[in-house]
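After this come two complexes, each holding chain A, first together with chain B and then together with chain C.
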Partner chain A sequence: MQGSSQSDRPQTAVTLTGVSKQFGAVDALNDLSFEVSTGKFFVLFGPSSVGKTTTLRAIAGLEKIDAGKIEIDGQDVTEAPIRGRGVAMVFQSFALYPHLTVSQNFAYPLKEAGLPANEINQRVGETVEMLSLSHRTDNQPSTLSGGEQQRVALGRALIQRPNILLLDEPLTNLDAKLRHDMRAELKRLHRQFGMTIIYATPDELEALSMGEDIAVMKEGTVVQQGSPDDLYETPRNLYVAAKIGSPHMNLLDASISNAVDGLDTPFGELSTGRFGLSGGEDVVMGIRPSDIRLAQDSEPHVNMKVQLVEPLGDITIVSVDAAGANLRMVLSEAGALGVQPGHELPVVIPAESVHVFRKADGIAMPAGT
Partner chain B sequence: MASIVGIVAVAISAFVLPVIATLWLTAAACALVAVTAVVNAWGRYTGGLLVAPAIAVLVVMNIFPLLWSLGLSFYNYRADRQTLSFVGLRNYERLITDPVVWDRLTTTALLVVLTVTVQMVVGFLLALLFSKQFPLRRYLLILVLTPMMLSYVAVGAFFRYYYDPTFGLVSQFANLFTDEPYVLISSTAGAVAAIVIADAWMWAPFVMLLVLAGLVSVPKYLYEAASVDRVPAWRRFQSITFPYVKGLLLLALLFRTIEAFKLFDVVFILTDGGQSTETIALYVYRQAIQFNKTSYSASLSYVLLFTVIVLTNLYLYLANRRAKEG
Partner chain C sequence: MFFRFNAKDQAREVDQAGWGRTIWAAIISLIYFFPVLFIVITAFKEHTDALAVPVKLFPEFMAFMVPEDLTFKPTFHNFVDVFSRSFSAGAAVQDTGFDRFFFNSVYIAGFSVLLALLIGTLAAFGFSRYPLKGNDTYLFVILTTRMLPAIVVIIPVMLMFRVTGLSGTYTGIILLYTAFNLPFTIWMMKSFFDELSPDVEDAARIDGSSERRVFFKICLPQVLAGLAATAVFGLILTWNEFLFALLLTGVETRTVPVAMSQTIGGDIGVRWGLLAAIETLFLIPVILVTFFLQNQLLRGVTFGTVKR
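And then the complex of A and B:
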């Protein structure tokens, strides 16, 4: 636990293999497996109640698992007590000790670890400084603002210099501005200390902006793990495609064309190749809003009617009607100038940007014929 | 108007009708006047009228006797002789210099310290036990709470049977080892123990109930955070559990001390003050009821009341200060 340098540590900080956990009749974790590389900012991403918190609690040792194996730094800790795991955790509820002041909250875990007083004082001083809580050291948690409480919770975990830091939706209880600031702050702390972070969040912006490695969870298991770019460029199935990217990917029902080497879509045929599927098969076609563009000159295009214009500052999201289906596209502020609901826009859907998912099971099809 | 008619009717009837009829008529007239007053005031003073019966009971049963006895304590008065003479502070002077009073106060203090300590410790341990989930917990909880709902007299009677020299459970158990009949109450220490056990049996559940309320209010995630922070169990208790129940413990201590200071029923039934277990409350009772020293016992009661009020305020002061400190 005491800051041995990350270089002489195993490559893999945490490994979960086939982990399952039931709460009564509910499968909280269902054959969950993933690996976290040492020193990575790892994000568990998924909507609420997919098992993110349970996963973190299982790694910390707060939850006993029914099946599978958990390894930390190469050691099997499945049955190990909480104490020896070398992890620190920040709870969504912060879990500050209400009867201790800020500096006592910081010092508490260190005192229990038996550190000498001058070392404790020094670390508390550093932590207080680092999280700009100097003016609050003698306050009790209940007198602090939400952001300050969050920083105390974070500080209490960081002060232990853990090898692995578990963060359970730590920004959920903060307002938007503070959340934004804390994202940058967390990234900075990660760079500074180089510990492995496992971060659970239902917020895709948090996941994509902070995560170096993201595991997308669904119903207690990981459906895809990869870098933010991987997840964005090549979502493995409809679930990931729909969750990652803002604004979300447009998803439309289509089918493999019998006539051309491509798709039959609500707004005509697209020469995209057949994705290894036979003609007539039902698929879901996906296209990122940012991949859709306006036609230049006499380029082939489809005319679509503008339904909604959402200006977001430097970009504008325009919803257009595509033969009954709705498509969202992203235009630059200049490009969207003068666009009004009811206008017709010449829209180009680049065939090479189209993702195709098999309708039957939602699996992404590789591009090609 | 109605009241004038009533008075006239009562005055006439006093001459015409037999005494008992006049009495009833007077009562009816009074009731009529009261009802008229209520009906007139209804609407304007609804709230006041609604609490009036409770206030009336309070005045008749509590406040009037309180003031009346305060007055009596400055007179020389015996309930068996209807003579009254003002003596000023003589009663108070007498009780302060009375060695028996000091002796009874010492006995009371000893019993208070012992019984409250036992209650607090046992109650606290029970609360720790019942804060965990285990099979049949609900039913056991009800059983444990039962003594609190019994009357003092019943508890005293139970324990008198337990302690009975010939067929009591305690002495029968002792008979397994000796042939002598075992009399717990035969020595001062035994008698004190007997009283403390009975009183603590009755009131430990009360302490448990309060502490349990504190224990279940501790958020579970604090314990989880502490276990991730590698805090050992007894330190978790000290820094998380205890601060949550501290206030309620103090409250239990306050209630139980005040009650124990007035300890009467159990002592009266178990030892009747024998083996130097006569508490101050029992002493007051004897002075007032057995020896008919009405005004003297009134002054003694006032000293007791004063003591309890001082104790209460001391506790409240401490509790407030602790609360401010957190």
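And then the complex of A and C:
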């Protein structure tokens, strides 16, 4: 359980190889593989019931897997007991011990680890201090606010100085303001302690703002793993493209043009190259709202009618009608000045920013001819 | 399936209902309590007062506020007679053996309730956390012995006691009461365990607890209220049980309800005052236990009604 400095640890903290788990007839995890580098803030991202919690529980040893291998610090722990994995976990429900006080909650894992009383007291004191819970030490969890309960849950994990900290949607049960504060707090704690964090969340904002490395999950498996930038710039398939980025990527049905070296789109031809596909093939075209811009001077453009204007302060999201399809674009506050529904805007869709996904399987096509 | 604690539930004004409703509640409570009150009052009456019509409900010292013919002169005579008295006019004062019967009741009820609690809690935890194939069937089977009237069940039970030689022994009646308390204990405790958050147990497992410690350090402390409630209900059932005790205990192991029934009769008719005195004494242990477990009991009874 004792954390040693991260430098003398293996490069890879956690490796899952071909992990499968069934609950009855349901595949919870389906040939799941990923690697988590030591000391990284790693995010498992995906909608609910995609297998995030099961993955964390499997790493902790709470769930026996049906197939595959789980390694922690290079050691195969697939069959190892829960105890001794050097893993701590924060549950979505917080899972505080309701019959114990805050101090006793903190002390519990240390007692179970057989630490001497004076060390337990010292560490509990430090943790209480660090999480500003000194006025709550003798309270039972039921008398604490949601934010305080969350800090106790976090403290009970951190006090063990785990090598690996598993966080299962820890902010879901908090209100918006607290959630925002806790995101910063978690990043700070990660920097301070340097442990590997595996963080499960269905919240894209949490994933992108905290994750150094993000694995996007779908139906019990990882569909793409990469840095927030990777996922944003080069989504490997439609699923990732649709999940990552706010506002979401515009996705339109199109096809590879027979006439030009590019696409037939609802609003005309676009010279984007053919992405290695043959003419006439159906594709889904993706364009980030922030990549769409207004034409300057006599630049070639398409006139589109404004349908909806959503001012968000520093930026404004404008929905325009593109020959029946709906396109969202992001304008600066100044750029959106005076834009009203019904106006026509000269819209430019930069060919180099267009993502193309094969209609048949949603796989992203590499740019080029 | 997450639970959140609600601090607001903690503080609730005691007198929120106001005087009007409180008085209504008091009146209804008095009607509820009247049979008990009647018995307790009778325990302090002489034989003639006990039979008097109209019923004399008030002790002498309350004569200043009620008509005199409704008052009686309190006496402790009956309580003394419970333990030793002469059985016929002029005969010598004899020990009635009631100290023994009271001991038997306490010993048998206490032992069997504790035993049922011990076995039942473990069984309930098993049923809750490690369900068997066809778990519900087992739970149903456990309940079947309580589905028949005791008078029906007694026939095979008597046979079993005859064969095993358990008739009239402490072991026999304790085992029987334990078996009788078990269904209730298991069902009650299972529902308490079912209510617990499985995440809390998993948290303890990750924090390094063995399954045994998860049970003793995490689960059990959370269901103390349930244990108290189950113990009290079991105790009341066992304490007052009559039929099995009548047929399956011997002279040495007789419990108070049986002994009480045998006090009825004799050559001077039924001594109501004496009977009431026995009942009053008989009430005390249950009232004490209930009183001391009261806080736990209230929490236990309302357990699970609040979504945490």
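The rule is simple: the second predicted complex is superposed on the first by the 369 of 369 C-alpha atoms of A that agree within 3 Å, B and C clash if a C-alpha of one lies under 4 Å from a C-alpha of the other, contacts with A are read in each partner's own complex, and residues count from 1 in each chain.
Convention: a residue touches a chain if its C-beta (ideal position, glycine included) is under 8 Å from a C-beta of that chain, and two chains touch if they have at least 3 such contacts.
None of these values were measured; they are calculated from a predicted model.
On the superposed chain A, the positions of chain B and chain C overlap enough to count as a clash. Of the two partner chains, both chain B and chain C are touched by A:Ala60. Contacts of A:Phe34 after superposition on the shared chain: neither chain B nor chain C is touched.
Applying the stated contact rule after C-alpha superposition, one finds that A:Asn173 touches chain C and leaves chain B untouched.
Looking at the shared chain after the overlay, A:Arg156 reaches both chain B and chain C. Of the two partner chains placed by the overlay, neither chain B nor chain C lies in contact with A:Phe267.
For chain A, the partner touching the most residues, choosing from chain B and chain C, is C. When the shared chain is aligned, chain C comes close enough to touch A:Ser145, but chain B does not.
Using the contact criterion defined above for the overlaid structures, shared-chain residue A:Tyr199 touches neither chain B nor chain C, since it reaches no partner. In the superposed model, A:Tyr97 makes contact with both chain B and chain C.
Overlaid on A, the two complexes show chain B and chain C touching the same residues of chain A, namely 57, 60-62, 82-83, 87-89, 91, 93, 95, 97-99, 108-109, 112-113, 156, 160. Listed in rising order, the residues of chain A touching chain B in the complex are 57, 60-62, 82-83, 87-89, 91, 93, 95, 97-100, 108-109, 112-113, 140, 156, 160.
Considering their complex, residues 1-7, 9-10, 197, 199-200, 202-210, 213, 217-218, 221-222, 224, 308 of chain C touch chain A.
The touching residues of chain B, when paired with chain A in their complex, are 219, 221-222, 224-232, 235, 239-240, 243-244, 326. By the touch criterion given at the top, residues 1, 57, 60-62, 82-83, 87-89, 91-99, 108-109, 112-113, 141-146, 149, 156, 160, 173 of chain A touch chain C in their complex.
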